[in-house]
Amino acid sequence: MGRIAKRSLVAAVVAAGLTFTAGAGAQTTCEVRIGALGPMSGPAAQWGLAMLGAAELAAAEANARGGLQVGSQRCSVSVLSYDTRYTAEGAAAGVNNLASQGVRFLIGPVGSPEVTGAKPVATRHRLLMFANSYAKNAIGPQWPLVFHLGPGPSEWAPPIVRLAKEQFGMRSVAIVAPNDQGGTDIASVDAEVYRQHGITATEEYYQRGTTNFAPIVTRLLASRPDVVDTASSPPGDAGLIVRQLRQAGFTGPIGRLGGPGTEEIIRVAGGIDVVRNFYWYEVAPTEDPRVRAISDEYRRLLNREPPENTNLWLWVVGARMTLRAIERAGTATDTNRVAAALRELPVEDPNLGRGAWTGQSFFGINQELSLPFGMGMILDGRMVGVRRIDVSPQ
Amino acid sequence: MEARSPSRWGAQEWAAVAMFLAVLAVPWATDDLLVQSIVNRVLIGAMAALSVFIMLRMDLLSFATPAFMALGGYAAVLLTMHGVTEVLLIVPASFLVPALVALPLGALVLRLRGVYFVLVTFVLTEILQLVLFMTPRLTGGADGLAGFPAPTLLGTELSDARSVLALAAAMALLAAVITAALTAHFRQHFAAIEENEVLAESLGLVVWRYKAMGFVVAAGIAGMAGFSLGNMLLTVHPTSFGAQQAVDTIVYAIIGGRGSILGPIAGASLLVTVSDFLGNQGQYAQGLFGLLLILVTLVARGGIAGAVAALARRLRAPRAAAGPAAAAPEAARGGA
Amino acid sequence: MLEIRDLDVRYGGITALRGLSIDVRQGETVLLVGANGAGKSSTINAVIGLVRPARGAIRLDGRDIAAVPCERRARLGIGYSPEGRRVFPSMTVRENVLSGAFGMGRRHQRRALDWLVSVFPFLGERASQPAGQLSGGQQQLVAIARAMCSQPRLLLLDEPFLGLAPIWVRQISEAIREMQRRGTTILMAEQMARPALKLATRGYVMRGGEVRREGTVAEIRDSALAEEYL
Amino acid sequence: MHEFLTAGIIGISLGAQYALLALGFTLIFGILGVINFAHGGFYALGGYVAYAAVSQAGLPFPLAVLAAVVATAALGALYERFLIERLVDDHLATMMLTLGLYLVISTGLLAVFGPQSPEFSFPVQGTLRAGTLYLPLENLVVLAVCAAAIGALWLLIYRTDFGRALRALADDRKVATTQGMRPGLLFPLAFGLATGLAGLTGALVTPILALSPSAGDPVLVTSFLTVILGGLGSIAGAVVAAVIVGFVEAYASVYLGGSTGALILFVTVLVILLARPTGLFGREIRGA
């Protein structure tokens, strides 16, 4: 019953929205709905909840200003979400579900399988989508409405490798990652970047679901690498790999050119003394007070604790930029115009600072929103911190 | 087994086909994307569950449905990528490729019964996953295949939401017709195999022939479901064809009711819809499936379809005096 | 000691026993003879509890045990050797024998085992061989020793001699005599009645699920001869 | 040579854990004829009970392990007694009951403890080293406990009335019942014993590896592989097969890499299942 009522309500809202954009220029409030699409439950829930939090924060900011100025009217912004359960089917279903409720702009999804599933359906319905997967085909010329929240490994890996080489002077690296899309797509890019810096790189892929990494560790160490890089292995796996590497007597530095989760890695590995020498890619300059201010903003506007995931800080920029593009394009329905406006928007965020549009050389389309990121380091069991690395426009 | 198998369809077979015929109208009846999306996933789930259902008719529980779905899905998508987009060609291909693989495979695995068959099909699905990962050139490996051309019907491109759903409905209708024809035609053979295979064999039933037939058709129907899934997602991806999907399709078939062709359809309709309405509590869908599975096994062996049939009989019973006696064989079949 | 009154046993639609009444007194060895399907095994199965009678009473020392579950009847002092040498094939000879005295304590088991090995030295020689590898006669002996191990008051033997070579018939007869010496009451079903008749004190001739005749060994032998069972 | 020896040591550690898991799995199949899809669930549950006992109740680790064993054994026994027992002869129904239980357990763990790995580490740290060879002390402890548990289980099954009764029920339930063995009591006990072993393994191993609500998935797969190899229902087969699986996994991963190693294991098991369903060591095949 309630469902039917809700559906007719939705239909009414959509119909009303269409009438207003059609002309009239009436005074009644309108509503822009953005969708947060990602894993809201299960093992990857943190990612999805970070996206949802980012969308909610951007919406709250816009509403606090009195709403979005879309053409001649002011519109409130609301957020709908859908749980993809980290599957392609779930993501496709989510796009349909959100689109049927009048959503034209998507924040997310985040994992490679989800993005693969969501992208074609979103294209079919002409939704604008801000995805964040490290898949090699995450965006491309055939999907003009799909934007990428970046930078991707092709952007962030080179400066980190350069800095790591300065610090540790390694000449060989062994990269380990799961044998699925989330693993192979990053590890192979990482390997290429290491090689470009004159470092011999070997790649090793393990079966997703592996519980004991001792044999993999033995294999990794057979080539006697100076450094082992855990790439995008899930934090739990990476922590265990670190621990078993140390048990096997490996004393060299360990890298992680893949994603966040350093705290969990330290926890699973058995403490920062076990980790000893470690460098990693951090999605945002986490120690920048201006970046951290996003969390305070979240508490102030939404009156609750922000999701505990640094991805939040990144996603906020994507959500803010989308809303700004809607205002600039003067439409909340014609996603082509919004996309055109978005491409023209300078990347300048009050919290994260200056970024750039990138992606042309790697994806063939300049729709990757590259923001400053961080490189974290642990030296001799001491947390050195996260340094800010700015991106350059292409 | 000398009683000639009456290939006459019962009310349930007609009802199943009528339901899918009705679904064919859905793409034109509503523009609601949510409804279309749920109906599309129900159709795919129901097709996969029909494949499980056919195997259950022979008392075989198969975890290999996702493996055959993958074969069908990848085969059809690879065809479109090589320029063959005609639906009248790729739909049969999505049926035939897994069916042809199932033929020699069946000669090997159908000798196993009971839990041994369960285990071998479980292992098959795991192996297929690894094979997909290890053949990136052909199958795209961990990335799957995406960005393939839309299928065409006599030159007309079927790429908008409506024709995607219509194609899914047509394939599901085809799957239901094939399943109904197979299970009705061989009803007594399958019943004999389900009841006591050894006895059936000693009575002169060439058991392996019927089992092979069932296995091949089940594989083909799974393959069509795989293509339908690929067409909905516009991608075929290894994560769509794992052990999790095997569990889901089995759950659809069992909860819907393994005693009737309407069972898998009812199960897929209910469970796909319910898990969609769980929204952001999606993580609890599996727990709900588990509880329903336990409940159905303990108290309603015929599943939803069996329970509805029993209820209908009870409502009719006061008029027809022989109610309970007539109900007994049906209940026994549902619970066997 | 054992009274069976008006017992009906049905399997599905088939009636296996109809209005059966049998008495076994303390210390007797009672023989049930009859052709295949006469109802001998059904009678034994009803007493041990493998089948549930549709009607009638089974009284042990005056107490009706028809409703007592099968696994509790062993505790009432009933030992049972099934037809067809159903030993536990994967278990050793020794374990098979000991399983007859399940839950009776190590002391009882050790004493019973010593006694059984002294009666049948064969059990000692093959103690650690899996029972499934033995010959038919050896398996039958193990099954009977298993039934004896609990030192039951009432011993049920279903076809103990069926299809056995003379050497095993002698051994098993000896075992049954040993139980008789100990005062055990025995109810025995046997198609091949000659060796069994030598052991019995009394008997019933069965046919079609009913008792056709009851009497002393001599009477039974004559009657049975007349019906061509021997 | 160094890799060869290291892989051997790893293979033994893996084999001991797999043996403990496969023993429980094979016990349930051998005695009840039931494929326990919830086996991995009991493993994960054991890990979480031990974790909760340490972190919430503040119990010392050995007591926490004991609590995990008791909890998983009790749940298993009760589930058998009140649900599985009713349908114990219907192999499809028992599979559905255990599959349903697995889904409920893993969802329940997710709901109560959340999706992330909790902080749960083994109390014994440190590594024994001899040249380039090494053996983490935690693995040594687990190895010792596994060996002791396997030994104790062997004594229980082969040297006690209880074990004889279980094997008798496995061989011929009807005759065993006539000898006074009560399936209604012994089946739940056997099931509880087996799930308790899974819980023990979970409590011991998850602090070394990782604890998560889905930690049971790979356990189920490994148990499947091991018991197929060793012969469903065969106790000795399970132990030998577990060691083989451990060695194959270790050597294949070290010399061929993770995916290839897994594929080799799966295909080997498939071939064995097709060519010799009784497994490498199984004598009796249970009519299933």
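Every chain is named by a letter (A, B, C and D) in the order it is written, and numbering of its residues begins at 1.
In this section, a residue touches a chain if its C-beta (ideal position, glycine included) is under 8 Å from a C-beta of that chain, and two chains touch if they have at least 3 such contacts.
Given the structure is predicted, the values throughout are model-derived calculations rather than measurements.
Located most centrally within the structure is D, per distance between chain CA means and the overall CA mean.
Chain A and chain D have Cα centroids lying 38 Å from one another. Chain B and chain D have Cα centroids lying 32 Å from one another.
Separation between the centroids of chain A and chain C, computed from CA atoms only, is 77 Å.
Distance from the chain B centre to the chain C centre is 53 Å, each centre being the mean of its Cα atoms.
Chain A has residues 41-42, 45, 179, 207 in contact with two or more other chains.
Shared interface positions of chain C, i.e. residues touching 2 or more other chains, are not present. Within chain D, contacts with two or more other chains are made by residues 110, 115, 217, 221, 259, 262.
Contacts between chains, counted with the stated touch criterion, involve the pairs A-B, A-D, B-D, C-D.
Only residues 56, 59, 61, 108-109, 111-116, 118-120, 122-124, 126-127, 130-131, 133-134, 243, 247, 250, 254, 283-284, 286-294, 296-298, 301 of chain B touch chain D when the two sit together in their complex. Residue ranges on chain C touching chain D, taken from their complex, read 48-50, 69-75, 80, 82, 86, 88-91, 95, 98-100, 102-103, 109, 132, 146, 150.
Interface of chain A with chain B (complex): residues 3, 7, 40-42, 45, 81-83, 85, 87-90, 92-93, 96-97, 99-101, 112-113, 116-117, 119-121, 124-125, 135-137, 142, 179-185, 207. On chain D, the positions that touch chain A within their shared complex are 3, 6-7, 10, 13-14, 110, 115-117, 119, 121, 125, 127, 129, 132, 134, 136, 209-210, 212-215, 217-219, 221, 249-255, 257-259, 261-262. Taken together, the chain A residues at the contact with chain D in this complex read 41-46, 179, 204-207, 209-212, 214-216, 218-219, 222, 236-237, 239-240, 247-249, 264, 267-268, 270.
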